[in-house]
Amino acid sequence: MPLFDGRVLANTEIASDYYQMDFSWPTDVRAPSPGQFLTVRVSRTAVPLLRRPFGISGFIPAESHPADPPEAIASMIYWRRGPATALLAGLEPGDTLGVMGPLGVGFPAPEPFSVPILIAGGVGVGPILFLANTLAAAGYAPLLLLGARTASSMPRVNAHHHVQVRRSTDDGSLGFRGTAIDLLEQTIGVVSGRLEIFCCGPEAMLRAAHECAVRHGLPAWVAMEQTMGCGVGACMACAVRVNRPERYARVCTEGPVFRSTEIAWE
Amino acid sequence: MPLFDGRVLANTEIASDYYQMDFSWPTDVRAPSPGQFLTVRVSRTAVPLLRRPFGISGFIPAESHPADPPEAIASMIYWRRGPATALLAGLEPGDTLGVMGPLGVGFPAPEPFSVPILIAGGVGVGPILFLANTLAAAGYAPLLLLGARTASSMPRVNAHHHVQVRRSTDDGSLGFRGTAIDLLEQTIGVVSGRLEIFCCGPEAMLRAAHECAVRHGLPAWVAMEQTMGCGVGACMACAVRVNRPERYARVCTEGPVFRSTEIAWE
Amino acid sequence: MGVDLSVAIGGRTLENLVGVASGTYGYGSEYEEHLDLTGIGALYTKAVTMHPRPGNDVPRIVETPAGLLNSIGLANVGRERFVEEKLPGFAALPCAVIANVAADFPEEYAEVTAYLEAHDPNGALWGYEINVSCPNVKAGGVALGAVPRQVELTARLVREATDRPIIVKLTPNVTDIAEIGRAAEAGGADAVSCINTVVGMIIDVEARRPVLPAGTGGLSGPAILPIGVAATYRVSRAVSIPVIGMGGIMSAQDAIQYLLAGASAVQVGTANFVDPRIAPGIRDGIVAYAQRHNLASVSDFHSLLG
Amino acid sequence: MGVDLSVAIGGRTLENLVGVASGTYGYGSEYEEHLDLTGIGALYTKAVTMHPRPGNDVPRIVETPAGLLNSIGLANVGRERFVEEKLPGFAALPCAVIANVAADFPEEYAEVTAYLEAHDPNGALWGYEINVSCPNVKAGGVALGAVPRQVELTARLVREATDRPIIVKLTPNVTDIAEIGRAAEAGGADAVSCINTVVGMIIDVEARRPVLPAGTGGLSGPAILPIGVAATYRVSRAVSIPVIGMGGIMSAQDAIQYLLAGASAVQVGTANFVDPRIAPGIRDGIVAYAQRHNLASVSDFHSLLG
């Protein structure tokens, strides 16, 4: 039963116009894996009408924290950019969040003994953070590259202590000066081991990550975005061009995570 | 300039599903008179779309209370019945209320030395209360008849000490058992003097008040209601049938208050 | 950068392309009492008809999801009282006034127009908007505005009655609105405006009858924005006279959609009920956008859609 | 009081008049993974076409005020893979499955239908919904569904291909939808459904091009509720076969408006995206209303409009 009412537990601004929302997740709903998403019903009126998709940025199983009755805690990180996310930003602890999820196919596990390099920009930070923390807990030593325009738009995130975080800003006001992809190039140059790339962010970043991976002969996984209607594969709205005879795949069902070489980059 | 942003000062439930909202009223906006109304923009989204009209239930001029900078306080009493009034009920002190008003033609002053009998039912209580308090302050000794279905739906109102309040409930759970019109009939029988009737409430009550007035040869004034578009006479939406060659008058401009004999009761 | 928001129609110029739509701003005087009309480019009056019309039974409007359904029934004082009571006030208004004319058949449109011409020696009226799109008006069962020949004939007859600009207002309740636009152009219209309201119905499920006693009504407001933009786009590609777009405009962004779709001017209707000061703000928003995108005049908006 | 929400169409019966609309519920399996489909009367499948269609460029949908504009482009696997991949799953569904058929010309509709007939020996399909209202499909420049003769011909050819119920789905983008409904009836349709989406366009003012690469799209959702109710009312008065109403249904109240307007069944489309469990709740709401108003079956709803 993937439709449930979550209870907002916290809703905190973690960068300028970026928020993290923590909410309860019933024990009878399957635990999400990194890269999966959920859709949220933001309004009871017809405006905004559609549910909105968000990646999952963290998950604490019921066993890992005290609660009576037991429940898990899920999180998402969202950018306040339009009507739906403005409504989300107005929610307070105790408010109800209509959730459908977990949906879609998440990130695959990296090859054993490989070094996962995770790159996030913009709204991609949530899924990538969840992946980083999950991999760290599983014994990997992921590198997490976070890109932002400027220091104030760099989200404050809680990363597992085995995650090595590096930050880049376009204006150099925090960390590396340049894009996250510049940082990726630099990182690939200095890190040794079998590298595997995982990226979530704006499409231009995904494409650049893909091209970088191809240049270096590395496998890369990208989490795609597309406007969604149903979120479950029924409406064919969330198409993404792929290198297959059918020409399109559905982000909500075949994705959102794809091997970067599967995507027919424009 | 009749368009302004009021500041909500209080928003109190005064009977089951009835609320009184007090809000600031700028000093450069004309003071309202009883029977006039205002329209409120309840939402910034397209749902609900239209402004909603409400009668004014009270007004404290800036001179009569301390405020810095000086401002008046207006009130309205509303029934929480649909989307717009539900949103209003959710407002809190400090929130902004988009107001256009005062609009329309209010109640005329009763003849000197007459005894005004004021009857209100349902959402009519606001304008009638404002009239009662205004008349009392002007030296009249108005009788205020308040009708409700049952005790819990009888709004708690602050009437001037020169207002004589009598209450009726359909089920007799508070005051007189019967409708406000039954109470009116009874009152007309026992009160002496030159009576003048002022009524605001559901259309059936207005018609009954009119008929009662005709039976007793008394003048009566009724405040009509009609779904409104513009509120200022431009759209011709708020028509009410009148005994004139044009057949219709506009509630927002020629009314809302009409002499009861002007109305072409169906 | 200076932005020129003027638009030329039939040899005259509107200095500001943002107008307020017929039926939503009365005759100006209603709002004027409350508000300054400066900043409004043109006031399209409530429809004027041959004879006074009392209008339809009540209620005449009902809210729908993001929309407004109305059946006012062309309530108006008729051409004679229009000339006596309304016309004298127009000269004092700070905006162009365009008379919206409604009638039951082509000749009657021309007759009402001729009457207004004859009684407006000082030119208080900037021009005429010919409302062939009223759903109540039928030509052999089908709305007059849905029959190209009737629309062309109407435009032609009105053209004979006046030299001032004629704008034919199109209904969206047709299979091919572009064809109707072409008919108006062929008849001699100087511009077309679109869209009038979309036929709709809302039923009171407790009373078990339509909310509007007339049964159906005309849908306006944000709900129809995409319908109006599509119609404007289609008509703009079909005619070479200016197109005036409307339907659901609530913001400068909405108005800009119409301009990009090919409109040379816009009208704001239902939004006036929500905020009567909205039209000047929309004009300002269009100017700011034009500056940001380096568009000097309205024709620069049109090159964008190809 | 017992309430009978069944509806008879072409000699068969749907036990529950609330269905889920074509294109919004896939082939059932998508939602089924997540939800119990019990409580849904009929699943109208995504359109099936002669050949697979990849669909249009992205984005394919955009939200509008209280509405959804889509241009999916009939993305589907085509009749052959439909029969191989989708059909086998239908028998396990707890609801009737009605195949929505789309094509480019009348004969092709019949051909797709005949193919499905031939490959469904066990009767997994309850019947067919013939989507003559797809705006992409043209008959000499005008949408096929806008031409009465074409609609009648299509119904007639499909009628020859199957004995199962045929429902012809009407487009609202016409001058006179009642006329199209009569044409479908004349051609042998067992029912008509209305409405398909309304033509609309939304422009990205920053990018200065339509949001949907196809330019226009089809508007659905609450915004079109009054348009759908009006169309249903008109068609119901024009034909004597059952009418299936849809457009913007988000609640039992909305569905009841359609039934009062003359519909014998309803479909829920866009609302499924907002709440995939909504259809059974709507059915329950109709039952509660019928009990409250003493209506024993759907025909009792119809007497109310006169």
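Read from first to last, the chains carry the letters A, B, C and D; within each, the first residue is number 1.
Assume contacts are C-beta pairs under 8 Å (C-beta built on N, C-alpha and C of every residue); 3 or more make two chains touch, one makes a residue touch a chain.
Keep in mind that what you see is a predicted model, and the values were worked out from it rather than measured.
Fewest steps needed to get from subunit C to subunit D, stepping only to touching chains, is 1. With chains reduced to the mean position of their C-alpha atoms, the one farthest from subunit C is A. Rounded to a whole number, the gap between the C-alpha centres of subunit A and subunit B is 54 angstrom. Taking the mean of the C-alpha atoms as each chain's centre, subunit A and subunit D sit 36 Å apart. Averaged C-alpha coordinates put the centre of subunit B at 48 Å from the centre of subunit D. Of all residues in subunit D, those that touch two or more other chains are 65-67, 221-223, 250. In subunit B, the residues touching two or more other chains are 46-47. Under the stated contact rule, the graph of chain-to-chain touches is complete, every pair of chains being in contact. Those residues of subunit A whose C-beta lies close enough to touch subunit D in the complex are 1-3, 41, 46-51, 100, 226-241, 246-248, 253. Those residues of subunit A that touch subunit C in the shared complex are 46-47. Listed in rising order, the residues of subunit C touching subunit A in the complex are 65-66. Of all residues in subunit D, those touching subunit A in their complex are 23-27, 30-31, 33-35, 46, 52, 54-55, 58-63, 65-68, 70, 72, 75-76, 221-223, 250, 270, 272-277.
On the subunit C side of its complex with subunit D, the touching residues are 64-67, 69, 142-143, 146, 173-176, 198-203, 205, 208-210, 215-217, 219, 221-227, 229-230, 233, 248, 250, 253, 256-257, 260-261, 289, 293, 304-305.
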